[in-house]
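For clarity, chains are labelled A, B, C and D in written order, and residue numbers in each chain start from 1.
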Amino acid sequence: MALDKNQIAKRIAQELKSGYYVNLGIGIPTLVSNYVPEDLEVEFQSENGILGMGPFPFVGQEDPDLINAGKQTITALPGASFFDSATSFGMIRGQHIDLTVLGAMEVSEKGDIANWKIPGKLVKGMGGAMDLVASAKNIIVAMMQVNRSGESKLVSHCSLPLTGVACVKRIVTELAVFDIVKEGFLLVERAPGETIETIQNATAGTLIVPDQVPEMRFSL
Amino acid sequence: MALDKNQIAKRIAQELKSGYYVNLGIGIPTLVSNYVPEDLEVEFQSENGILGMGPFPFVGQEDPDLINAGKQTITALPGASFFDSATSFGMIRGQHIDLTVLGAMEVSEKGDIANWKIPGKLVKGMGGAMDLVASAKNIIVAMMQVNRSGESKLVSHCSLPLTGVACVKRIVTELAVFDIVKEGFLLVERAPGETIETIQNATAGTLIVPDQVPEMRFSL
Amino acid sequence: MITKTVRDVTVALQGIQNGMTVMVGGFGLSGIPENAIAELVRLGVKNLTCISNNAGIDDFGLGLLLQKKQINTMIASYVGENALFEQQMISGELKVTLTPQGTLAEKCRAAQMGIPAFYTPAGYGTEVAEGKETREFDGKHYVLETAYKADFALVKAWKGDEAGNLIFRGTSRNFNPLMCGAAQITVAEVEELLPVGALNPNEIHIPGIFVNRIFKGIQFEKRIEQRTVQSK
Amino acid sequence: MITKTVRDVTVALQGIQNGMTVMVGGFGLSGIPENAIAELVRLGVKNLTCISNNAGIDDFGLGLLLQKKQINTMIASYVGENALFEQQMISGELKVTLTPQGTLAEKCRAAQMGIPAFYTPAGYGTEVAEGKETREFDGKHYVLETAYKADFALVKAWKGDEAGNLIFRGTSRNFNPLMCGAAQITVAEVEELLPVGALNPNEIHIPGIFVNRIFKGIQFEKRIEQRTVQSK
């Protein structure tokens, strides 16, 4: 059965390790923060200038001077710090962030990612995405595998303008977990009950299917 | 009569204007801070990380966390700020410092300066001098015009390794004030009682002597 | 001490003219120089090139300048919350240069610090790198980016003193400190303007040398773009 | 919150080995990591390349490592207060690379911030620029300088918390913040080590992400190099 967005986030949360500094993009990635195991020491960075980002504030405690990169009101946890945007992207560019999770419109079998521009449509801008994908040690893409027109977003070559080149390491969709390897998309896990055939049909690029493809496990 | 070091400093203090941020090198330049007219708004920067440097502390108030670039204990005036060395040299490189005063071993008629290295002798290092001379909008050299061997330090071409190229604007020595112009050292002022001939004899590079060369004036 | 205080925003923006390049601090609506933006609207200066991470919303922030068609060119990383912006861009009235956010921040800092150019990995292999020099260091590819030049930088701080020293608050810091001293004239508006000596020199985010004019803003609406809360 | 506290300097320097490159904070004797330097002497690691603005004095700071001939190569801007240094340099035991002070600072920051290279005017036309690329921007000449690489960065802060957040004091800040995160492992020694939440997030100079290990130093002599005073 295909995962919903929260389940995708829950699966990605399994990638977290103690000591990780994590940057979460807008959309499904943001949901990952809801599924951090209690015993893990993890800190969330928001690229507009906070490390140690906490949950949304209680009603009446919203502070216009305390927002995340999605412009949402947030809180700061004990031990948090504030800094300017150059320092923030220094953390990113200098590979001090251990994990970046972001959405995508397309990912190629070489690990290229396109997520900022659709020619002919309104361009909103890349924000911090190009810095993130060019710099991060470990990039996981969280997305639905098929777009609204029914086309696979896992492609041989991106048709959309690129955000970054050969940078994605892992992709988690409603159907499966894939790693980018030399030969293409390596199928690592299936969503519970999903068949290889369903996954193959939803993958336009080269899919590598090992003999054993375990199902995802959810402890919650 | 040739100026002493304090008089050289006093003459340079006349170059200060209200609103100037000033970096003073070690030696004669440091003395300039003793002669700032009371009505001028001037701030001194020390490149190890303070803006708004004050005088030496009173006995017993020395603070090892509060020194200048000469490693001397100092004080911070009200309105001072502390910052890291990158920010400090950013102030210098970004031309936010209005006036830099430093010593020299040689200055050429093109405005080249050599003040950090004597081949064959121990090299102590350039410290911040190369950053300062490469960046400052307005560099005044304060020095004795003749070295201990009786040789002029105002030369056609520097024989010593350079600190910076075509950067010095003005030179104040015990004998005179010179500006670097296209043709060479332009004699701007004489020390009280000094003759053109004495100055000419102490200048190895091209000296330009205008019809009128006023004497320096000291109001104090 | 060199004092930077000016009476009000009108004095602070003296010299601003049609066609100038203006850096504007803030991220979204957080930390934007509201008083300076209002004055730009009042002055009616036109054909501005604005360097700012975002372009405000329809009726606040730089959106107020878009309403009056005062902006000719926008340099930003993300401009998605603004229908007016969209119209003017599609109609060709507004030129837009999109820059990766970290590159934008570092280009401001480079201008501030006298670094003419630097290499960054952001945008390598994308259209952002088109026409730019690229180069390999230790097996990784980078793009050469140059410092921004601007006539005015308009920033907003929390506290300031008469020497121009600034302290920012929370995530309203963002691009504000990086634009100080990155333009010919830097204008800082603050919520609290204190006498010299009132700020701890160890806690100052931006030394006054990077600020040319400082004034106490008379209005800070500090509008929230996305009010998100949790229930108790 | 990710905690960075280690028990003492011995744990903090685990993994340091002969032949490594070590950044050491401080300007003169102000803000040097006294506890880490003492531990390096105790460990007796050799053939170190040290990146530090100065080389201490004969019997303090990096001078203590020179006494034991533990430093093979010194990268600094000014090394003038040290007779031992002089002897070892003249005898050829010690290799020295002199770097303009602002370039040294920016090369540390570049490593910290993931900038592989940048242009600076310092040293253009001098022997510092020999063998380096130079380039003209807007009619002025610049030298291309690359980021430093180091195995360890040893820094000293005033206050820190268990998350590795640091606050420096006065001019003992200097190179310390710039070296944080510029090496594979950054070790911070602090005068006061506080629990998480004790520092105001707005006043933190270096966020803990740039620090790998933090400990409370047991001894800070804080020697003064030039005691200059005025009489009342």
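The definition used in the following text is that a contact is a pair of C-beta atoms (placed from the backbone, for glycine too) under 8 Å apart; a residue touches a chain by one contact, two chains touch by 3 or more.
These numbers come from a predicted model, not from an experiment.
Asker: Using the touch definition from the top, what's the fewest steps needed to get from subunit A to subunit B?
Answerer: Each step joins two touching chains, and the minimum needed here is 2.
Asker: Please state whether A-D or B-D has more C-beta contact pairs across its interface.
Answerer: Spelling it out, more C-beta pairs touch across B-D than across the other pair.
Asker: Average the CA atoms of each chain to get its centre, and name the chain whose centre is farthest from that of subunit C.
Answerer: Chain B.
Asker: Roughly how many whole angstrom separate the Cα centroids of subunit A and subunit D?
Answerer: It comes to 36 Å between the two C-alpha centres.
Asker: Using mean CA coordinates as chain centres, what's the gap between subunit C and subunit D in Å?
Answerer: 33
Asker: Counting only Cα atoms for the centres, state how far subunit A is from subunit C in Å.
Answerer: Distance between chain centres, rounded to whole Å: 29 Å.
Asker: Which subunit D residues reach two or more other chains?
Answerer: 106, 113-115, 120-121, 168-170, 201-202 - these are the residues of subunit D that touch more than one other chain.
Asker: Provide the list of subunit B residues touching at least two other chains, using ranges where the numbers run on.
Answerer: Counting only residues that touch two or more other chains, subunit B contributes 50, 76, 82-83, 86, 89, 92-93, 135.
Asker: On the basis of the stated criterion, which chains touch which? Give every pair.
Answerer: By the stated definition, chains touch in these pairs: A-C, A-D, B-C, B-D, C-D.
Asker: Inside the complex, what are the residues of subunit B that reach subunit C?
Answerer: Residues 18-21, 41-43, 45, 50-52, 76-83, 86-87, 89-97, 135 of subunit B touch subunit C in their complex.
Asker: If you look only at subunit C, which of its residues touch subunit B in the complex?
Answerer: The touching residues are 1-3, 111-115, 161-163, 165, 181, 196-197, 201-202, 204, 207-210.
Asker: Along subunit D, where are the residues that touch subunit C in the complex?
Answerer: It comes out as residues 106, 110, 113-121, 135, 137-138, 140, 142, 146, 167-170, 201-203.
Asker: Show which residues of subunit A lie in contact with subunit C when the two form their complex.
Answerer: Of all residues in subunit A, those touching subunit C are 46-50, 55-59, 61-74, 76, 82-86, 88-89, 92-93, 112, 122-131, 134-135, 161-165.
Asker: Provide the residue numbers of subunit C that touch subunit A in the complex, in ascending order.
Answerer: 27-31, 53, 76-81, 86, 89-90, 96, 98, 100-106, 108-109, 120-128, 141, 158, 168-178, 205, 222-232
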